[in-house]
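Read through the structures below before going on.
Below are two complexes that have chain A in common, paired first with chain B and then with chain C.
Now for the complex of A and B:
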């Protein structure tokens, strides 16, 4: 089986703050990690490879430092990696990202499955994987909690709000996974050594035959007009005193405010 | 629309004819050809085994934005009824339509859905686009995106709203990628820019650490998925008129690539419907061990609420994941949210900070949860909760 895993390097969101003066994101010094759901996607691909044979190729689009994320994936057990790295991709929204990834997948050639995390921790859009599937003209199955491969078909259990749904789809197709699907493995020493030595090709928009009008800002219909800090900054009314008294105070406040 | 047939590759096999929902392909002299009924929905492209049907995303510069009018809500069905989020979106669409001087349409796609029109009308729809077919009995990405892309291409709405639900996110992304529309995910605020008349779409990002307002200046329609339980329904309009526009489609189960083979409802007893709960009492790392969720449950029972949990407790295996509130769990907006022993990581705040009233109980006075709370109790939850339960029983009886 040939499996492609599309991942994203994200800032550890707990560390991101807004500069209150300039209203811009302060990302300096914020550690970068593989999007946690994408680690589940890599793990799912590795498990399918262990069961059915084949190879796992990990791709990402990002700045030069995204190379680290790909090396981490190789350390976990991925066979190959490809980095889409070009200033032409800067400012891509989900549509332009899906387009560039689709071009890269075409460049890689035949595949059976593309696996992605359900969404990225920073943007939280969940829009790139379906966009990628659409651009490639293949079916998608989102929110997978279990994947079984049977011949030329996959049988996927989807985790939805109030139910599970079991879906059959032909390969090639694209699957997004939820975190409950597995526990991502840690890289072993051998993997880390392999990752250190791995040669990871970096490709540009030209290398993947991308139309520059569809890349980066020029290929992105959505634009961020402004960013601002969320306004949940009111101070809590602190209830103080002996515990039984505090408890009674709270109950009467909630009653007076007609919450109860 | 940007779809065409490469006649050199077409072998006249007619596979595309059965894939076309709109009956808009004929084969003449051994080559397929689109008739004027073609909506550019793209359903045929994936049916062609020879790569002869070329679907291209329209370029932004080529879009005539003035051709797009009206606001659409794409309906989602739950157990054969319109989902709450769809009714909330109709309410929001009505407010936006007033600012924009336009009207509101709902698109309802399913097996038998025309009976839902009065409810949609009462909640704000001036027009209903109805598509009924047995292949559409359950949501599947392929046929739903084909049918809706066709409707959108034909009627050209200016704004299209979806619920930010598993279905809405799955569907909207696929349609946006096919027609080259701008799509903003998981919006919590929408309004119309008074000067440009563009839709301003506001959403949380970076785990709720920042808010971003997003515009889509050139591509059309402007599409958003909108978080459930954020927008307000309008008071139901009695006997509101609603124009019905039916579109007949020709779907073939054989052309649908994905099959739903089983649906497993979660078991009644174990399922907690956090998103519909009016009162949620959540436990965090501060409760120290699994058994202490009994204390959280006791308070939830005394308040008539349900039990929620922070990610830390779920990851520790103290409670099943369906209790989890936060960025990777459920987003909730109850009347009352009581956070017990939860420090308030941004990912947790992202899932609950829009609750109407928030009470925080935590031993650390510096815990970030106090920044979003309306009432804060700095103290040991093992002392505070039993007293609270007692005070509630004194006040309201058992």
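Now for the complex of A and C:
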């Protein structure tokens, strides 16, 4: 089976800062990683490939350094990769991103499954995978914790807030995965060497036949008014002493604050 | 002279660092469990760690002993037991790689390189330690077979490994020229395992007896040639010493890392203990010791990769590294004070683990002998 995994390179989540003046992410000097949920997507694809045969193609849209994320995916075991890299894509919101990725998938051609992480660690919108499915006109199943392929159908167990839900969808379709689905494998040394030598095509908006009006800023109806780090200036007080005393103090404080 | 790694080496080591980060978090559990670290071994096999210096045609990475050494250092720093499994595996894999014929390589080296099978090497016996030439395990030739009788002890990976390189005496009275190396498989009739040693440390590392009772070994399992087993043993020990040297460096680094972290947070007399010169000097000595040991071990591995004679350097690296790791771990405990003596911190375990390096694969005294012999030979030949 042919599986496409769409990934995103994100700044290492523990080190993100926001420029207070411009309200944009300060990425200089911050190491980039594959969005952790996307690592689960890659792992899910590799497991399906191991079970059913086939090949895994990883795609991403991003600046030249996103090539590193694709190489990392190849090191884990992906067969091919494709980087959508063009100034025309700059400033894309989730709609424009979904459009560009859909064009790239059309360019790749036949596929059975598209697997994505449920959302990206930086934007947290969870909109791109559903947008991609809509643009391609294929079914989507989100929050997968288990994927079983059976002939031309896929049976997916979804992790919802209070229950599991098992749904069946015809292929081709798009699935997003949660982190509980698997433990992403480490890249092996042979994978690292393969990734070093891999030729990763970089494609432009023109290469994938994208309408420039629908790409980048011009294709993005979303306007970001402001990005800011929520302030953490809440007052905290530490109660110290013997446990019974501390408990009594705590209860009386909570009463004062009308919490109890 | 260039001390930097290539981009390729660095990428490989970065990948190993990710694996080792996991091993570090479970190292304490691994030690306490008393169970051979199969979980780690499975990951190492999946990630191609075992066959690093094995040629690609035999399923390895086709890299050098320097890369193997650096990886061994990282494994030892993360989980010393896992590092020891890795080093002991090479004692079986290297002689097959260096002396085996193509049929032997096809049958045994492939699976060792992929980590599908773990290897072990049997030289030490109840009465044969440093005096490795006086092996008593008997190999008697009968037709196209050899019949082995005797016992090996302290064999790392023993019982858990599938493939064994065993040195036995095929011609008593001929001294070291009477020794022959054989490749054995777990499960061969007459080949069994005895007790697993309880030790000062390495609770989860197997060190078992190998027992041969009329064990039939086919002639084609002779490694290299009959009567050349001592040569095989000496060559594999040279490699083994690099393995021990880098293992010592890794463990010392782990102990140093704990010590420096502790010194930066522990407060006494109203300030961090890292602000006291007494502690600073300990840290300086530890770091310098580690760097010396590291450079010597990398140099020995590099010389091997360059095809240069490296036995003296390997012995120097093993001698220095093993004594350095004991000094460093002792200081790490000292910096931790009373806490360091408790099992709440890993440094007491590190200190126990460190002692092994001064003993295994040639004691420090034997290393000094090897180095001195090489030095005197060089002096005489001038």
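By our rule, the second predicted complex is superposed on the first by the 242 of 260 C-alpha atoms of A that agree within 3 Å, B and C clash if a C-alpha of one lies under 4 Å from a C-alpha of the other, contacts with A are read in each partner's own complex, and residues count from 1 in each chain.
Here, a residue touches a chain if its C-beta (ideal position, glycine included) is under 8 Å from a C-beta of that chain, and two chains touch if they have at least 3 such contacts.
Worth saying up front: this structure is predicted, and the values here are computed from it rather than measured.
Once the two complexes are overlaid through chain A, chain B and chain C fit side by side, free of any clash as defined at the top of the document.
Counted by residues of chain A touched, the larger count belongs to B, out of chain B and chain C. In the superposition on chain A, A:28 makes contact with neither chain B nor chain C. In the superposition on chain A, contact of A:250 is made with chain B only, not with chain C. Contact with neither chain B nor chain C is seen for A:150 once the two complexes are overlaid on the shared chain.
Once chain A of one complex is fitted onto chain A of the other, the partner contacts of A:75 are limited to chain C, with no touch recorded for chain B. By the touch criterion defined above, A:161 reaches chain B but does not reach chain C. Touch criterion met: A:189 reaches chain C, while chain B stays clear of it. In the superposition on chain A, no contact is made by A:110 with either chain B or chain C.
For the three-chain overlay built from the shared chain A, the minimum Cα spacing from chain B to chain C equals 9 Å. Those residues of chain B that touch chain A in the shared complex are 45-46, 55, 57, 59-61, 141-142, 145, 165-166, 169-170, 172-174, 176-178, 180-186, 200, 204-219, 257-266, 271, 273, 275, 303, 321, 327-328, 335-336, 345-347, 349, 353, 356-357, 359-360, 370-379, 383-384, 387-388, 390-392, 394-396.
Residues 8, 11-12, 15-16, 18-19, 22, 43, 46-49, 52, 61 of chain C touch chain A in their complex. Across the complex, chain C is touched by residues 75, 185-193, 196 of chain A. Residues of chain A touching chain B in their complex: 11, 13-14, 16-18, 25, 36, 93-95, 98-99, 121-131, 133-135, 137-143, 155, 158, 160-170, 173, 179-180, 213-214, 219-230, 232-240, 243-244, 246-248, 250-255, 257, 259-260.
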